[in-house]
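The two complexes that follow have subunit A in common; it is paired with subunit B in the first and with subunit C in the second.
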Partner chain A sequence: MSVLDRLDRLDRRWIFLAMFVAVAAPILYIGVTGRTLPEKVTSTSRAVYEAIEATPEGSRVLFAFDFDPASAGELQPMATDLMRHCAARKLRIVCIALWPLGNNLAEETIANVIGADFPHMRDGVDFVNLGFQSGQQQVMTVLTTNFRKGFPVDERGRDTADLPILQGVKTVADFPLLVDVGAGYPGAKEWVQYVVTGLKGSMRMVAGTTGVSTPQLFPYYPDQLAGILAGIKGAAEYEMLVNEGLGGAPAAKYMEAQRRMGPQLSGHLLLVGLIVLGNVIHFRRSRGGQA
Partner chain B sequence: MIARRVVPMAIAIVAGLVMAVSYFVRSIEWMGEAAADVFNVIAAIAFVLGAGSLLKANLSAISRRDRGWGYAAVTLAAFLITLVVGMAKIGVNPSPDAPQAAWSGSQQTAGTPFGWIYEFILSPLTATMFALLAFYVASAAFRAFRAKNTAAVLLLVTAFVVLLGRTYAGVVLTDWMPAWASGLRLENLSSYVMAVFGTAGNRAIMIGIALGVAATGLRILLGLDRSWLGGGGSA
Partner chain C sequence: MTRQRLTWLVLVVLFAGLLAWRGFTGHGLGRVYVERGEVSLARERAPADAPAASVPRWRSVPVEQAEVRWTTWSKVPPKAHFEAEARDPGQDRVVLSWPRTIGLWVAAFLTLAIFSFLYADNPAYRFTEAVVVGVSAAYWMVVGFWDVVVPKLLATLMPETVQAMVQPTLKIPQFSPWWPETWDTASDAFDPWLQQWGAMALALLLGLMLMWRLLPRGGWIAGWPLAFIVGVTAGRRMVTQVESDLMEQAASTMQSVVPTAQGLSAWDWAWAALPGVLVLVGVVCCLCYFLFSVQHRGVVGGAARVGVWYLMITFGAAFGFTVMGRIALLADRVEFLFDDWLWIIDPNHLRG
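So, the complex of A and B:
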């Protein structure tokens, strides 16, 4: 049996092993050395950073957690960085979730960012988690006419009418900025279609999405969407901007997106190598009349 | 006939018209909100129906000893344990705002049994399922991604540009290019492919879908499309 035949009949478990090594090796290397790869910032990621920078201090930000642990590997680093940036800019953060498990991720993010690094921020005054609400885009529609009806109580069971952070909020239009970290339906696309487009520019929106769902959002940029974080690369670019902007040595949790670009690089290189190898085998066999 | 076809059609037509008109007419916005409330109530009932259906399907599989009935047993056990732990708020401390009320705390608080199920079972399981994609994509890329014709070659080249351009490899490989040719650097080429070709394709698909949705919606509102009632048939 020739080498080509052997490669063509390669047990797929060898490919699984190669992918495991390709992903594990940089994780270990970056974990030990702390070294990350530099990123060139794209315009969509810079636009997210600038949209948050341009929001006046003390403004309310609606922060939607529309993802679950399945995509947290890609989206959690950007959620962490976005919340840190908003908190550092002294914006008042109102978290909501239209995915059932998004609420847990919101709680985790609040604990990791605000609880750990912004302890002066008061629950109900400077930030709040309104929890999960079922109904997908129906909830969005309700928020455009009556915010309290969409979220009558917060995660802790407090009446939202009594929360200082929501005083004066009648509809979602009273938030100058919407930040959505979403993995699919309902997510950024629905926020654009049911909320942002109808408000005709009175509310700006930025979104962080998984790499596979990003192409669906490009048609909305830069009109309805002020900026997009495209997958883990977008998160790494934005993270670099936030770290540079805030200065100082960032904690490991604020380097997560950049750390994950290492495994992404080696995984992509392996994929390219496998595709090339597969095609070499295909052409050699075709020339030999075995295809 | 009336209960099975006319009543559901009437409900759909009225609800659809109310939602559509209330979007444009401010004075009847409340009707849209009322329709949304009704939707939420029905959605809540659908959860109960879904749970009943899950119980029925899995209990049937277990009682008939179908192939893989053990998985049905695991599904049922996971469903019932999570349901009881969550609804009974087992191990949940009262909320600090209402310490006198035993069930006032949130079951999603970290450290509670429900939070434990989320943190140590659900979260790792769903993340693992998603991560497995990388392994299967690698295997599929090796076996199936072949340049057999012009379209496949174009797809292959685009894949290389995006795969390399979305990592630091793109910078390393093409950073030597002069400024006047910077558009050909892999990271810029990758952004261009996504922002121009990808957007053009997506816009075409989105416009097509929107026209299809509008046409189907209109047909349902006018009672011309009755296929959604089951049993087929449109006027």
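So, the complex of A and C:
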């Protein structure tokens, strides 16, 4: 039996094991050494960075947490870096969630970023978490006509009419920038369809999305979406830009996306190798009349 | 003993050995620590003109002035416990949390149980699958009740009851037919109340009709709310889809063909126009592929073949993104096992 025949009959569980090793080995290596790979920044990730840089200091930014722990492996590093960038740019951050567990992730992100590294920011003045609101895209539609109706109270039960950060906000159009970290429905696509397109350019939007949902969003770039963080790769690129822009040695929690690129490299190399090998076997068998 | 059982046995023994080794070296295995905090509150004095039914406001006060106080436990990194113990052995401010530690170990077990399916179907996987499905269904039911039924439906239909029983911060509307105090003070609030109340009463009616299908007779009644849902959804989506996914996309496709930058050389101009041209060609060719009322011959056939290439490249890119997403999720789980549970790596310096 030739090598190709043996590979053709290979138990698929060896492939699962190989993928586990390909992912686990870099995690161990990076976890022990702390070394990460350099990233080449793509235009969509740079556009997110520039959109936030271009937003004037003190502006309000609407930050939507439209994901849950099932996709936190991809999206939480983005949410952390986006919030850090907004806080460092002295933007006033208004968090909302259209996914029930997005609210918990918003609280966690606020504690990890603002609570830990921007303690001077005041709750209700410089940032606020308005919590989860049910209704999916209906909430978005309500926000375009009456923001307070969509979120009458914040996460702590305070009347949003009394919050200094929301003084003067009548509709969602009063936010110059919308940041959405979304895993699916409702998420970035719905924000574009129901809110951003109708506002005709008065509000810019950037989105961080899972790898699975990113291809659907590329057609909206750059007219309807100012920038996209495409999966963990986009997160790593953006993270590098933010770390370079803010200077100094970043804390380990601000290197999470770049650490995750090690397993990506080895996992993709393995997958590409398997695809090539599978094709070689297939064409060899076809030539031998066995297909 | 079959080969499969032997493999399972070897895997379990190997893993138990790894756990035992980790348990007796370094800081040991995954544990969760919490820090104790105290909350002490007192009621603020209400303004003289505040309505009798207004909700009292609370403020933080020193412990001795507190009307209400309780203890909070917030998660802290393990190194906070190690440092606290080094300063004051036996301290009880930063302590081990048994419930959270058990939760961590349960999470690790469930992760491994799901992974075990990759080797072969087994009872641990089936148990975990049932737990995930059951917990998800129960969670969504609770979210639906407390985030939709109570605050949206019941709070509109019977606000006084909801305020008294479950949501003390709920604002009572200016007008309520069941609250005589509001009858003579808010005549202009009647119309907004009626709109809101009527909408929610209709929603309740449609919801009850939808559940009619659970009864043995009259299942057709559930068809009416379904028709309402489908009709409203289609109508609402059509407007936004046409605007954002048809008109805007068509305009962007055409505009992107001609570069707007000034002062470009012929070569730079052509290079800048290339992406837009490729997009335009792709759109036209893909549309040709889906044009079934004309035979795919000649120019249309050639365009359709180019369209197939565009589609294949698109599917390939989508597959690549999917692979990236799945590897990221796998990496997240593996990092959880190595970092949070086994304490083999410490990328965030939480333990020292």
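As a convention for this text, the second predicted complex is superposed on the first by the 289 of 291 C-alpha atoms of A that agree within 3 Å, B and C clash if a C-alpha of one lies under 4 Å from a C-alpha of the other, contacts with A are read in each partner's own complex, and residues count from 1 in each chain.
Everything that follows uses one rule, which is that a residue touches a chain if its C-beta (ideal position, glycine included) is under 8 Å from a C-beta of that chain, and two chains touch if they have at least 3 such contacts.
The model shown is predicted, which means the values in this text are computed figures rather than measured ones.
J.: Once the shared chain is lined up, is A:214 touching subunit B (first), subunit C (second), both, or neither of them?
T.: Both: A:214 reaches subunit B and subunit C.
J.: Scan A:282 for contacts with subunit B and subunit C and give back first, second, both or neither.
T.: The answer is first: A:282 touches subunit B but not subunit C.
J.: On the A-aligned overlay, A:32 touches which partner chain: subunit B = first, subunit C = second, or both, or neither?
T.: second
J.: Is A:110 touching the first partner subunit B, the second partner subunit C, both, or neither of them?
T.: neither
J.: Determine, under the contact definition given at the top, whether A:165 touches first (subunit B), second (subunit C), both, or neither.
T.: In the superposition, A:165 touches no partner, neither subunit B nor subunit C.
J.: Tell me the contact category for A:42 with respect to subunit B and subunit C: first, second, both or neither.
T.: After superposing on A, A:42 lies in contact with subunit B but is clear of subunit C.
J.: Mind working out whether A:52 is in touch with subunit B, subunit C, both or neither, as first, second, both or neither?
T.: Neither partner.
J.: Does subunit B (first) or subunit C (second) touch A:72, or do both, or does neither?
T.: both
J.: Just to be sure I read the superposition right, which of the two partners does A:271 touch: subunit B = first, subunit C = second, or both, or neither?
T.: Once the two structures are laid over each other on A, A:271 reaches both partners.
J.: Starting from the residues of subunit A touching subunit B, keep only those that also touch subunit C in the other complex, and list them.
T.: Common interface on subunit A, subunit B vs subunit C: 16, 19-20, 23, 71-73, 134, 157, 211, 214-215, 219, 230-231, 233, 264, 267-268, 271.
J.: Which of the residues in subunit A end up touching subunit C in this complex?
T.: Subunit A reaches subunit C through residues 13, 16, 19-20, 23-24, 27-28, 30-32, 34, 71-74, 100, 132, 134, 152-153, 157, 159, 192-194, 197-198, 210-212, 214-215, 219-220, 223-224, 230-233, 252-253, 255-256, 259-260, 263-264, 267-268, 271.
J.: Would you pull the subunit C residues touching subunit A in the complex into a rising list?
T.: Subunit C residues touching subunit A: 118-119, 143-144, 147-148, 152, 169, 171, 240-241, 243-245, 248-249, 252, 314, 317-318, 321-335, 338-339, 344-349.
J.: Across the complex, what residues on subunit A touch subunit B?
T.: Residues 10, 12, 15-16, 18-20, 23, 37-40, 42-43, 68-73, 101, 103-104, 107, 111, 134-135, 138, 141-142, 145-146, 149, 155-158, 211, 214-216, 218-219, 230-231, 233, 261, 264-265, 267-272, 274-275, 277-279, 282-283.
J.: Touching subunit A in the complex: which residues of subunit B?
T.: 29, 32-33, 36, 39-40, 43-44, 95, 97-98, 104, 106, 108, 110, 115, 118, 122-124, 126-127, 129-131, 134-135, 137-139, 141-148, 156, 159-160, 163-164, 166-169, 171, 187, 191, 194-195, 198-199, 201-203, 206
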